[in-house]
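Each of the two complexes below includes chain A, the first together with chain B, the second together with chain C.
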Partner chain A sequence: MNIAVYILDIIIYIGIFSIVAISLNLEYGFTGLGNFGKVAFFLIGAYTYAILSQAGVPFYLCLICGGIIAAIGGLIISLPALRLREDYLAIVTLTVGEILRLIVKTESSIGGGVWGISVKRAISISFPAGFSAINKTVINAGVQIVLIFGILALCFIVLQLLTRSPYGRIMRALRDNELATESLGKSRAKYKAQVFMLGSAIAGIAGGLFAQYIRFIDPYMFMPIVTFTVWIMSLVGGPANFTGALLGATLVQIFDRGTNILKDYITLPIDPVNLQYILFGVLIILVLFFRPQGLLRESKFTTRPLKLVYEKRRSDTSNKKS
Partner chain B sequence: MSLMLICDDLMNVNWIQILLNSAVTGSLYLIGAVGLTVTYGLSGFPNFAHAEFLTLGAFIGFWIAEDIGAPLPVAFIVAFLITGIISVLCYRFIFQPLAKKGASTIHLMVASIALGFIIRYSIGAVWSWTPMYFSIKWPSYIVGSVRIAGQWSLLIVVALVLAFSMHLILIKTRIGKAIRASSSNPDLALASGINVGRIILITWFAGAGLAAVAGIFRAVNTQIWPLTGWDIILPIFAVVVLGGIGNYYGAIAAAFIIGLAENVGVVFLTSIGLSTEYRMAIAFIIIVITLIVKPQGLAMLFRRG
Partner chain C sequence: MKKEEAILQIKRASKHFGGFYAVNDVSLEVKRGQICGLVGPNGSGKSTLFNTILGLQKPDSGDIIFNGTRINDAAPHQIYNMGMVNAFQIPHIFPSMSVLDNILIAARDYPGENMIESLFLRRKWQEKEQKLIEEAMEILKFVNLDMLGFALTSELSGGQRKLLEIAKGLMAKPTLFLLDEPAAGVNPVLGKKIFQKLQELTQEGMTFLIIEHRLDLLFEFASWIYVLNKGIIVAMGQPHEIVDNPDFYQAYLGEK
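Entry: the complex of A and B
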């Protein structure tokens, strides 16, 4: 395989999983919601995209519908558990991922069942004659990168602004002390449900992007390992830092591909796929032990009133010194 | 399909057989879930690697019984001990230090999922991912219109013995008292001179050992591969949630309720033309309904647990 094509493929995967990772950062890192069923919303987005695009709906509508349906799914799933302790939400989300995979596996009318469903690319370019196959692939990959990283940038900016707004302050307050937040009159179930919907919608959009990029999806692509991979990305990079999620997604993807390449050069006594997941598990436990806040910590940021306070304090202390 | 036809179908079902199957399923879920619910109640987080203890036990049992050729009771005992020891080591060297460092519930759950992946893929590396089958042939009895396979009767007997002896242990012995005290109020238990840390280790040992027994039964009934335990994680969590977290008596009731719901549910599923694959969805529905209606589960019926 051509190296340039391979690198472009890695970049596209980094983009798609960065989107999922920042949605997990929003839920877990900023709001303290342990979503162990990320793959469920990824799956909803992917299948919605696949089915709608087969019906001839334009790609942006497919993506948006995937996001909306994932958000509704997120609302329905989270409602029974949001009022309860965080471990109930973990159980419900984990099991819902299994159930959704079971449904798409069993109902062959939804997405071809175990045989999967083929998906059209979002943007297909008709090349003039005389283009070599490799150039076509590279240009197509370039289009994909523009599309995926455009959406990633959009999500990144929106979430960054959201977490720095008063709304984001409530999110972080809920994470740090639920009871205190509720005593200030902020309904925790309401805010948690909203954040969960937003995170699910973003994961759904990422699922749609994933489906249209690989052009074929089947239930076996949505195993619980996907959720776990996203958790590694978020925890390694820094759960409460969106740049950290990007960093985590990049590192995990490179590690993933790196071990895939290595297996062609080194013969190991055990199957490299098994070894890779064992290493993932060890890595996550080490991160939890030695750096639970991730590589990049939660950044301090200043809103305008806070900035004024800080400036006043600084000028006060400098006055005192002089 | 018309309603008449569905009713007709249901009339032809052998309900006694369904009841027996429910008891078999319930027994399996009880043995598999009892360790999870007790450790969950004591340590305060669901150990998602519990499903992997089932798998690990099944593989150790398979190795002892099929590769070494020892009789099945030996396989059960060795699998119980090894899985229990591994579980204790996992708790002692992963979860306990993490909890001491002040890790949140979510961190502990992530760690347990990570541990699950380590065990699952280690099993995959050692034994491969191709499904295998126990070669032991069980006698099968026909009583009236009901068929009883040998392994089923053994499973029901084991579950009944377990349920009864656990009851005696919890009520009569010092350790049982200590377990109940630690799960209802750890601080008070500690202040009354109970070594809560040791109690937790004991429950992790026995819980995982029982999971290993359940894993062997599951493998004997179906197949053995690295997802043997994960395949039934939904009903196991349903037992824990419906029974009330940490509640032993609730778990007994919940296991048999879910066994019944699944087997009756499968009859209804086939009669309305849905795939029997959805039997796992029944457990999921039970989890969701429990959380909406009564998050404490059946625990309120059993004050004593």
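Entry: the complex of A and C
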């Protein structure tokens, strides 16, 4: 296999999972909602894209619809989130993800059941004759990278602006102390629902991108391990820092692929597939032990005006001293 | 509005946990512009009564009427929107954020708290935020926390957290402010200063219902006192009347 194609494939995966990881950062890192059913919304987005694109709907509408339907799913899951403690919410969301996958698996009328469903690429280029297969693949991958990273950039900017605003302050407050936030006039029902909807919509869009990139999806691609991988990305990079999520997604993806390649060259006394999971476990333990806030920390300032006041004060005091 | 009008009325409210009546058939009234004190020994139901007023716990019977509206079933954030704010006995702070952030959360009518406006009307909320920061700094100056505006709240001492809790309440500009032991853990001079400030604020139409064990302070500033014991109001009156009331001594000191 051509090494360039392989690297492009890694980059695309990093892009797709970065989108999911930043949506988890929004929910868990900023708002404290431990969503262990991330894969459910990824699945909703992917299947919506697949079914709609088979019906001939243009790709951007497929992505948007995937986002909207995932957001509705997020709204539904925010209802138990209001009443449950963080640990119980994790259990509920985890089961929701599995239930949804099993429904898709058994109901062959939805996206072909166990046989899966094939998906059209969002943008397909008709090449003139004489193009080598390798060149075609590279150009197609390039188009994919532009599409996926464009959407990633958009999501990143929106979330960055949102969390560095009074709205983001309320999200952090909900994470720190729900009761106090509620008694200061912020309806937790409203904020939790909004955050879940936005986070799920973003995960849904990522699901659509995933479906159109690999061009075939089946229920076995949406096992809970997808959720856990995204969690590792978020925890490693820094749950309350979106740049951290990108970093985490990159590191975990490279780690994943790296160990995959490595096992072909090193002979081990144990099953290399299990070793990969063991290493992931070790990675999480190390990060939680030595750097629980992740590689990148949460920003000190919630909003720009606050930062400006701080800088002004600091320069004032240093002027006085000098 | 008349000054003598009651802003908060509790009519025969009860709250029990199993067979234990924490609040038993309590009726009381807080008049507008008043500092009203609520005293009683530990476990007499003062904080439970506060929780039922604030919507954190629903009363099992009776009515709680705030500003003419029955608020038995209102959620805490709705009660805040109606103008009632509280300061918890154990400060409920947001440890991962700065002191200023903690106070800014309490601000009312803030456009940036809407998802759409925080994204697309950045100029609007940023201007408002600048004003709010100045306001917050004033309040911080008053509670002697102005040098700590950008410190992480988790680094504050117990007494400073208490002051922050009061500052948050003041930022919300309530019409009725419920304080649960505002002077506990605060140095005596500042404790008195807080009560003086509260008295000033009554001139602007704010009303206070205060639980306090520092009776010297409370009796100096409050104009009406309720004494709660085992969930029942055993005495009420002006501070000098309460001091002479044997029921008060029995409830508080266990003496006759």
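Everything below uses one rule, namely that the second predicted complex is superposed on the first by the 307 of 322 C-alpha atoms of A that agree within 3 Å, B and C clash if a C-alpha of one lies under 4 Å from a C-alpha of the other, contacts with A are read in each partner's own complex, and residues count from 1 in each chain.
The rule is simple: contacts are C-beta pairs under 8 Å (C-beta built on N, C-alpha and C of every residue); 3 or more make two chains touch, one makes a residue touch a chain.
The model shown is predicted, which means the values in this text are computed figures rather than measured ones.
**Student:** For A:N274, using the defined touch cut-off, is the partner it touches chain B, chain C, both, or neither? Pick first, second, both or neither.
**Tutor:** first
**Student:** What is the contact status of A:I170 with respect to chain B (first) and chain C (second): first, second, both, or neither?
**Tutor:** second
**Student:** If we overlay the two complexes on their shared chain A, which of chain B and chain C does A:Y88 touch? Say first, second, both or neither.
**Tutor:** The answer is first: A:Y88 touches chain B but not chain C.
**Student:** For A:E298, using the defined touch cut-off, is the partner it touches chain B, chain C, both, or neither? Pick first, second, both or neither.
**Tutor:** Once the two structures are laid over each other on A, A:E298 reaches chain C alone.
**Student:** Taking the superposition as given, does A:A180 touch the first partner, chain B, the second, chain C, both, or neither?
**Tutor:** A:A180 sits against chain C, while chain B stays out of touch.
**Student:** Between chain B (first) and chain C (second), which does A:V282 come into contact with in this model arrangement: first, second, both, or neither?
**Tutor:** In the superposed model, A:V282 contacts chain B only, not chain C.
**Student:** Tell me, which parts of chain B touch chain A in their complex?
**Tutor:** It comes out as residues 45-46, 48, 94, 97-98, 101, 103, 105-107, 109-111, 113-118, 120-122, 124-125, 230, 233-234, 237, 241, 275, 277-278, 280-281, 283-284, 287-288, 291-292, 295.
**Student:** Can you list the chain A residues touching chain B in their complex?
**Tutor:** Touching chain B: residues 28, 32, 34, 36, 80-81, 84-88, 90-92, 94-96, 98-99, 102-103, 105-107, 224-225, 228, 231, 235, 270-271, 273-275, 277-278, 280-282, 284-285, 288-289, 292 of chain A.
**Student:** Could you list, by residue number, the parts of chain C that touch chain A in their complex?
**Tutor:** Touching chain A: residues 54, 56, 75-77, 79-81, 85-86, 88, 92-98, 100-101, 104-106, 108, 110, 112-115, 118-119, 122, 125-126, 129-130, 133, 150, 168, 172 of chain C.
**Student:** Which of the residues in chain A come into contact with chain C in the complex?
**Tutor:** For this pair, the touching residues of chain A are 158, 161-162, 165-170, 172-173, 175-177, 179-188, 194, 198, 298, 300-306, 309-310, 313.
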